[in-house]
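By letter and in written order, the chains are A, B, C and D; residue numbering begins at 1 in each of them.
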Amino acid sequence: MKQRKPVRSEMGWSTPETITVRGYDLPNQLLGKVDLGGMAFLEITGRLPSEREAEVFNALLITLVEHGMTPQAIASRLISICSPEAMQASVAAGLLGVGSVFAGGSEQIARILQTALDGKAKDADLGAIAQAIVEDHTARKAPIPGIGHPLHKPIDPRTPVLFGIAEKNGFRGRYVALLEAIAATAEKRLNRTLPINATGAIGAVLSELGFPWRICRGVAIIGRAVGLVGHIAEELRNPIAYEIYERTELEVLTNATAKP
Amino acid sequence: MKQRKPVRSEMGWSTPETITVRGYDLPNQLLGKVDLGGMAFLEITGRLPSEREAEVFNALLITLVEHGMTPQAIASRLISICSPEAMQASVAAGLLGVGSVFAGGSEQIARILQTALDGKAKDADLGAIAQAIVEDHTARKAPIPGIGHPLHKPIDPRTPVLFGIAEKNGFRGRYVALLEAIAATAEKRLNRTLPINATGAIGAVLSELGFPWRICRGVAIIGRAVGLVGHIAEELRNPIAYEIYERTELEVLTNATAKP
Amino acid sequence: MKQRKPVRSEMGWSTPETITVRGYDLPNQLLGKVDLGGMAFLEITGRLPSEREAEVFNALLITLVEHGMTPQAIASRLISICSPEAMQASVAAGLLGVGSVFAGGSEQIARILQTALDGKAKDADLGAIAQAIVEDHTARKAPIPGIGHPLHKPIDPRTPVLFGIAEKNGFRGRYVALLEAIAATAEKRLNRTLPINATGAIGAVLSELGFPWRICRGVAIIGRAVGLVGHIAEELRNPIAYEIYERTELEVLTNATAKP
Amino acid sequence: MKQRKPVRSEMGWSTPETITVRGYDLPNQLLGKVDLGGMAFLEITGRLPSEREAEVFNALLITLVEHGMTPQAIASRLISICSPEAMQASVAAGLLGVGSVFAGGSEQIARILQTALDGKAKDADLGAIAQAIVEDHTARKAPIPGIGHPLHKPIDPRTPVLFGIAEKNGFRGRYVALLEAIAATAEKRLNRTLPINATGAIGAVLSELGFPWRICRGVAIIGRAVGLVGHIAEELRNPIAYEIYERTELEVLTNATAKP
């Protein structure tokens, strides 16, 4: 018979008198002393951030909170008119859209950057590494994640600010440099404007902070959860989902070829 | 034909060069200047919090981030082994558990408190109001939300700290007082220890901050989204979901009455 | 220390050579012999349906599969353009809308009907029971679930057909009669056209089939899961979600008061 | 300004008197005449199945309904104790696990089979095609989807039955033959027992039925939605989720290294 392994977790536990989170006494050591961004850092990494880490990490976290009427925001609002008694269902519905296309891509670029520099010497030739990455994607006709944006051209206005905040706090290192090399190489190779977009910048700076690529999408997920609660709040004050639904239904009826 | 109404939202919009969030220039006015808790306040209320509001609101937000191996955390971990390529699905799965039983109840107590004090004079008799609320619930055999906890007795250690932070910042008012009156009345009436629990405290202090009851569950949803990303991160480092699944499956097979 | 209870389930189990579902050998006793509707009946009730039960149950199951461009269908399509690599996320997003407002209401009317007739004699006065239910709802200003429809007037065309199928197979009994009495009483009392709608009919006929009210929403969930896969399939052939999203975003930008 | 395109859908529409689904009058042409499996075929393909197609398709649909206490089933049950008022949330939580690992893989094998045979002559050398596919996966160290099973060895008992039902109805063609060639080649190449598993068989037979690979996961999603409603129904009759949760929480507390 297979030997069962023990189930362990260091996230937290409770006794009647205490609540412990990652080794801290929640009521006495965290409440009123740590903000939500610091708490997110603690949850993911197991330790509280330094002041510099907190400033950088909060900037990354708030970047993706709100980008207007995204498909995710519309989906959350539509579900909120169906299940008004279950706000968690509305937020979850929109959150399910933090996939490969909108906001979820920081995982992919962080994977490329971290894989490329894994075990490489400090003075590795970033230009050559970038060249290889661009050639590999071009050969496979695969888009390079983290660069290019359908709207924000010639630059994504969030990127230089995020890189500036990273630099100020000592987190602008070779992951950022490699991504810049990739973008520059790709622009030349493909003869197109390919700015580093916000998810690219987030993937690079999270790599500087030491986050493994597999968890990077979590930053977008946390941000969007905040934003989607905001959209539900506005939908409660000023409902628009019903209008979007009714217009769509009416247009479909009007355009239907096989009329009843 | 029905007149269509315009679709409006003030959450945010983008042009090629700018990203506006609730009237602020995201890259230049928010990034590096506002933390995630402040951003959540802005998204929900439409304005940035004062320093005092930010301290209180961050405390409320981090309270429900982590409570150890909740059913929500286990569900997120189980889905992460099924759909490892879609972290948003794992987080959403756990988030769907922010319902009436675990963590979602601040909405219910905020509703009771806000409905009870709506239009009431400043010197309204809170004891009488509490009495009526307790009697109404007792008559309907309905549990009173926000008081009592299966584990944390005689008090929930988060509650006095949250009320203390609220008081320090000028947000301990009559919503908190009414909830305290309800708990005291219910303890006497039902002859049981019924401490104000953390969701109750959150519902009361959110009411002090001016949050409508319909949006109060959002604070638990945001907190849990952070916590569930933390659990996925630990699951990636130290997997336990497969063990939980296999033990359960094995026990079900062992206990099955209609063996194959 | 609390005594742990054994974890039991009779849903199914597997050995290397066999797969057992609710006591049946899946490959040899179910595949090719039972259709999806019969399988759903088996899963929920623990036994295969009679031919009559299968006819009635399949009719109930297919009733809510498709109702055109519902908010749920639009939400699923919007998420499919965000997370095209995870179809389960798109279907789940739409499914989250099977709540109190669209399609999920059969649970509520089944609860009312089953509670009202629980322990009542076979010749109980349905008119008086209906009267009491209508008065109770009117007094609480609560809408009566299962009757009335924003579009289908004066009758919901699905209702007489479902009741006919139920009658033909011996499942038109006093739950259906009570719902009819409720609708008639409410129409008189409120002086409005209040046809029994499809979810009402489903709740009543499921009660005739012996389904506990707590599980009745499952019939809508199963039906909508089928329908939402259909919508994703059409979205893959003929995409419209991007258009719905872009129009909404554009209109919000155009109508924004605080222009950048 | 960008030209907006019309929003069209042929799924269904309603008028006060009629409900049309894929061109059929729902109450009069479908209710009582089509079962749930046929309705699923209609929704996805736009036409009703022949008797032979219906037999094959229903067999595929019911194959993945129930596989005992999967991670998906446990997740659904855990969420049902958190949000008992929102069954759709519980089912959606489990459904989110229909990803790459459990039950969602028919999409991947269908993609391989359909891509490999696209435009190929009827007498193409399947052995050579299979060889190329196996070599490609071996070179990339990528597992071949649709073959191999952790439990069901030396064969998955569902596969021969599904292929038999397909054959009986005229749907055992070259997609099935190619998958058999792939499995045989891989077994020889990797010197391991690699039976065609149920999701592989489903992907191959769906390809025979003409389903595009992008929609194949939908069959698993529909099946699991049915099965998860079954698990919720059993959880309501015989609750086990709380026990699973409490044991896990207790073990985590017992094993915690940083005790409070």
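In this text, contacts are C-beta pairs under 8 Å (C-beta built on N, C-alpha and C of every residue); 3 or more make two chains touch, one makes a residue touch a chain.
Note that this is a predicted model, so its numbers are computed, not measured.
**Q** Any chance you could check whether A-C or A-D wins on number of contacting C-beta pairs?
**A** By number of C-beta pairs in contact, A-C is the larger.
**Q** Among the chains here, which has the CA centroid at the largest distance from chain A's centroid?
**A** C
**Q** Using mean C-alpha positions as chain centres, tell me how far chain A is from chain D in Å, no decimals.
**A** Chain centroid spacing, chain A to chain D, equals 29 Å.
**Q** For chain A versus chain C, what separation do you get between their C-alpha means, in angstrom?
**A** Averaging C-alpha atoms per chain gives centres 36 Å apart.
**Q** Can you list the chain D residues in contact with two or more other chains?
**A** In chain D, the residues touching two or more other chains are 7-10, 13, 15, 18, 68-69, 83, 85-86, 88-89, 92-93, 96-99, 104, 244, 248-249, 252-253.
**Q** For the complex, which residues does chain A have touching chain C?
**A** By the definition above, chain A touches chain C via 68-72, 74-75, 78-79, 81-86, 89-90, 92-94, 96-102, 104, 241, 244-245, 248-249, 252-253.
**Q** Which residues of chain C touch chain D once you look at their complex with the stated criterion?
**A** 2, 4-5, 7-19, 21-22, 26-28, 30-32, 34-37, 39-40, 42-45, 54-55, 58-59, 61-63, 65-69, 73, 86-89, 91-93, 95-99, 104, 107, 151-153, 157-158, 160-162, 164-165, 212, 214-215, 217-218, 221-223, 225-227, 229-234, 236, 238, 240, 243-244, 246-247
**Q** In the complex formed with chain B, which residues of chain C make contact?
**A** 6-10, 13, 15, 18, 20, 23, 25, 83, 85-86, 88-89, 92, 96, 248-249, 251-253, 255-258, 260
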